[in-house]
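For reference, the structures are reproduced in the following blocks.
After this come two complexes, each holding chain A, first together with chain B and then together with chain C.
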Partner chain A sequence: MQIPIVRNVLEANEKKAEDVRRLLSGHKILTLNLISSPGAGKTSLLERTLRDLSGEFQMAVIEGDLQTDNDARRVAATGAQAVQINTDGGCHLDSNMVLKALENLHLRCLDILFIENVGNLVCPVEFDCGEDAKVALLSVTEGDDKPEKYPLLFNLAKVMVLNKIDLLPYVDFDMSRARAFAVKLNRQLNIFELSCRSGEGLEQWYGWLREMRMAKKRLQE
Partner chain B sequence: MQIPIVRNVLEANEKKAEDVRRLLSGHKILTLNLISSPGAGKTSLLERTLRDLSGEFQMAVIEGDLQTDNDARRVAATGAQAVQINTDGGCHLDSNMVLKALENLHLRCLDILFIENVGNLVCPVEFDCGEDAKVALLSVTEGDDKPEKYPLLFNLAKVMVLNKIDLLPYVDFDMSRARAFAVKLNRQLNIFELSCRSGEGLEQWYGWLREMRMAKKRLQE
Partner chain C sequence: MHEMAVAQSLLDMVEEEIARQGCRRLDVAYVEYGALSGIVPESLQFCFEVMIRGTSHEGARLEMLCLPMRLRCSSCGNVFGGEGQEALWQACPGCGEQFGHAVVLGKELILSRLQIR
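Right, the complex of A and B next:
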């Protein structure tokens, strides 16, 4: 009895996601939906990116959390625009929440919008938020089996960021195993190994952002 | 329109959870529901516990995963009984899945049953699986803000296991901050700091298991 209801919820979400996509594409804004386990480093990656690319792009962040506005305050401290969505216990963001959050952002002149989803490798994957691409983060402390165990995210994402590589000497993480599982699910997957702490590997991620932003601009012209 | 449906689902789950609890309590089996982010170390904690206490207790594990039976194979390698539940993308276990899984376990002479939930700090918390207590795991690589950001689990759990303390020298994790947030949510919370890798701190966790098992036995007599 529940299946049709779930389908309706997802269909309604997809319609609204198209509204989000149309609005943001009209402004040529590259929109990325960041998804990971709690504590994989989404906010840390944003803090680095917002600081390091502040001279190149106008960027904003929509922060999703069950409670607190800690993350929005962290990213706002970089000077970027930030809006907090509190889901009040809800396990994912949806396109309606994002659409409402957009009312609080100045979209004119914005180049890149990051949506930081609730920390959860499962539920956020099913809810299109109107993004151009999903970015999956996985920290090497979580284990190399995670792409195999949570396949949908790695199947749908355009990027897998392997974060916290500064901790590789202290954990049992087989990089080639993690990469092999992920690529088996998704041959188009871009993979970046980096450490938000040491800064190693960030340049490749920035290179991808520049390319994507350029492609988005061209697409709309 | 969705709220009554959600309520019905939770009510149906709670009824079935009472069936599970009655069945397991009839056998004086201590039942623990392990909940954490993906990769916090639930399976590693079980592997250590099943090996180290194999001379003291008869133990079994119900493993919840979206895909794969990797974890069931890992715990079965210790010699314990293990049953895998594949949720096929579902974000949590529920009491009906557990009730069905019990048909595949020999309950006679069993002392402790561990339910390893899907890796997810949000959804599993709302679904009572008929356990005596929820055990929250948090690895120190995830950040000391997690009890504040995912409060329901730490509010309802009887135990918080702080895992991977061997990595403390390499991460920014303020132990007193994590503990303070958690205790604010739950004054009765038992907190164990340990490393499944080095073995440090496991003895306190084992002490708690012995106490709980003893209390369960006494309660039923």
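Right, the complex of A and C next:
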């Protein structure tokens, strides 16, 4: 027999993502999902951010990697709470993994939670992890056509970080091209050009974090 | 890789519906997907086949249908259609606006019908 159904295939993930969102919003925790290709500098951006803002915010990181806890150890060295998720070959984090990881974090007093997704510009975009915003990270040693090649990420993200700008004199990255296509996909996109190595441009990124954190706090009051 | 996770969700859902109807076997599952859903149909087919091998559903088929895309112009609100990811770049046929169209339809991934017995 034939039966009509109409069910969202990812509904199980999206339901759990709502659980995550409710839990974290209850604690007024700003939650950001960092998505980039491998090597764009997600962990470096977190290391800088956690160090530079340690006096202002209580922050934690959920690290997603196929293997090893190298990144969690790098992040924990800054003094922040860190939980490692090993996906054992899985290409993305999902809301169930995040919900489980939250059991290992002290949520009380936490201001900002970063979810560092598996390095991949495709799959992580499909799976809502319960975040407030997706942050797309791109580095100038990659192609400037990434926004054209992976439009969904840049369409959904609230922020695009362009990292490694200290290397601009040595590479052929066309900043205006990358920016133009990203904005074409998403008029509200906040774009920050920075270098985690030299520290240039980080202040604008921190300014956005402060704003978002304030907005999250106010929303719940 | 992520088609494996999608195939698993799909199979869980199929099992649930089959049990609800008091049936035992899947013949065909009809899936509709948007051009922006990130799904590679051949890959999902393959993952699904592998997953049902050796189960009571072995040999069942997936019928995949790509849904047309709809965009809402960020400037005049006109809703217009397109095909594939490139449609995100196209200018609004109403006012010519090129920037920031909202995706109204295109990200869906829906189990729409089952043939079971």
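Here is the rule we use: the second predicted complex is superposed on the first by the 212 of 221 C-alpha atoms of A that agree within 3 Å, B and C clash if a C-alpha of one lies under 4 Å from a C-alpha of the other, contacts with A are read in each partner's own complex, and residues count from 1 in each chain.
Just so it is clear, a contact is a pair of C-beta atoms (placed from the backbone, for glycine too) under 8 Å apart; a residue touches a chain by one contact, two chains touch by 3 or more.
Keep in mind the model is a prediction, meaning the values are calculated, not measured.
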{"item": "Partner chain in contact with A:Q67 - chain B first, chain C second, else both or neither", "value": "first"}
{"item": "Chain B versus chain C as contact partner of A:A133, first or second or both or neither", "value": "neither"}
{"item": "Which of chain B and chain C A:N155 touches, first, second, both or neither", "value": "second"}
{"item": "Touching partner for A:L105 - first (chain B), second (chain C), both, neither", "value": "neither"}
{"item": "Which superposed partner A:K164 touches (first chain B, second chain C, both, neither)", "value": "first"}
{"item": "Partner chain(s) touched by A:V9 [first = chain B, second = chain C, both, neither]", "value": "both"}
{"item": "First, second, both or neither for A:C123, with chain B first and chain C second", "value": "both"}
{"item": "Partner chain(s) touched by A:A76 [first = chain B, second = chain C, both, neither]", "value": "neither"}
{"item": "Which superposed partner A:Q188 touches (first chain B, second chain C, both, neither)", "value": "second"}
{"item": "Residues of chain A that lie at the interface with chain B and also at the interface with chain C", "value": "2, 5, 9, 89, 91, 122-123, 148, 151-152"}
{"item": "Residues of chain B defined as touching chain A within the complex", "value": "2, 5, 9, 37-39, 65-68, 70, 89, 91, 118-123, 139, 141-143, 145-146, 148-152, 164, 166-167, 170-171"}
{"item": "In the complex with chain A, residue positions of chain C that touch it", "value": "1-2, 5-6, 9-10, 12-13, 17, 21, 23, 31, 36-38, 74, 85, 88-89, 98-100, 103, 107-117"}
{"item": "Residues on chain A engaged by chain C in the complex (per definition of touch)", "value": "1-13, 89-92, 94, 122-123, 125-127, 148, 151-152, 155, 183-188"}
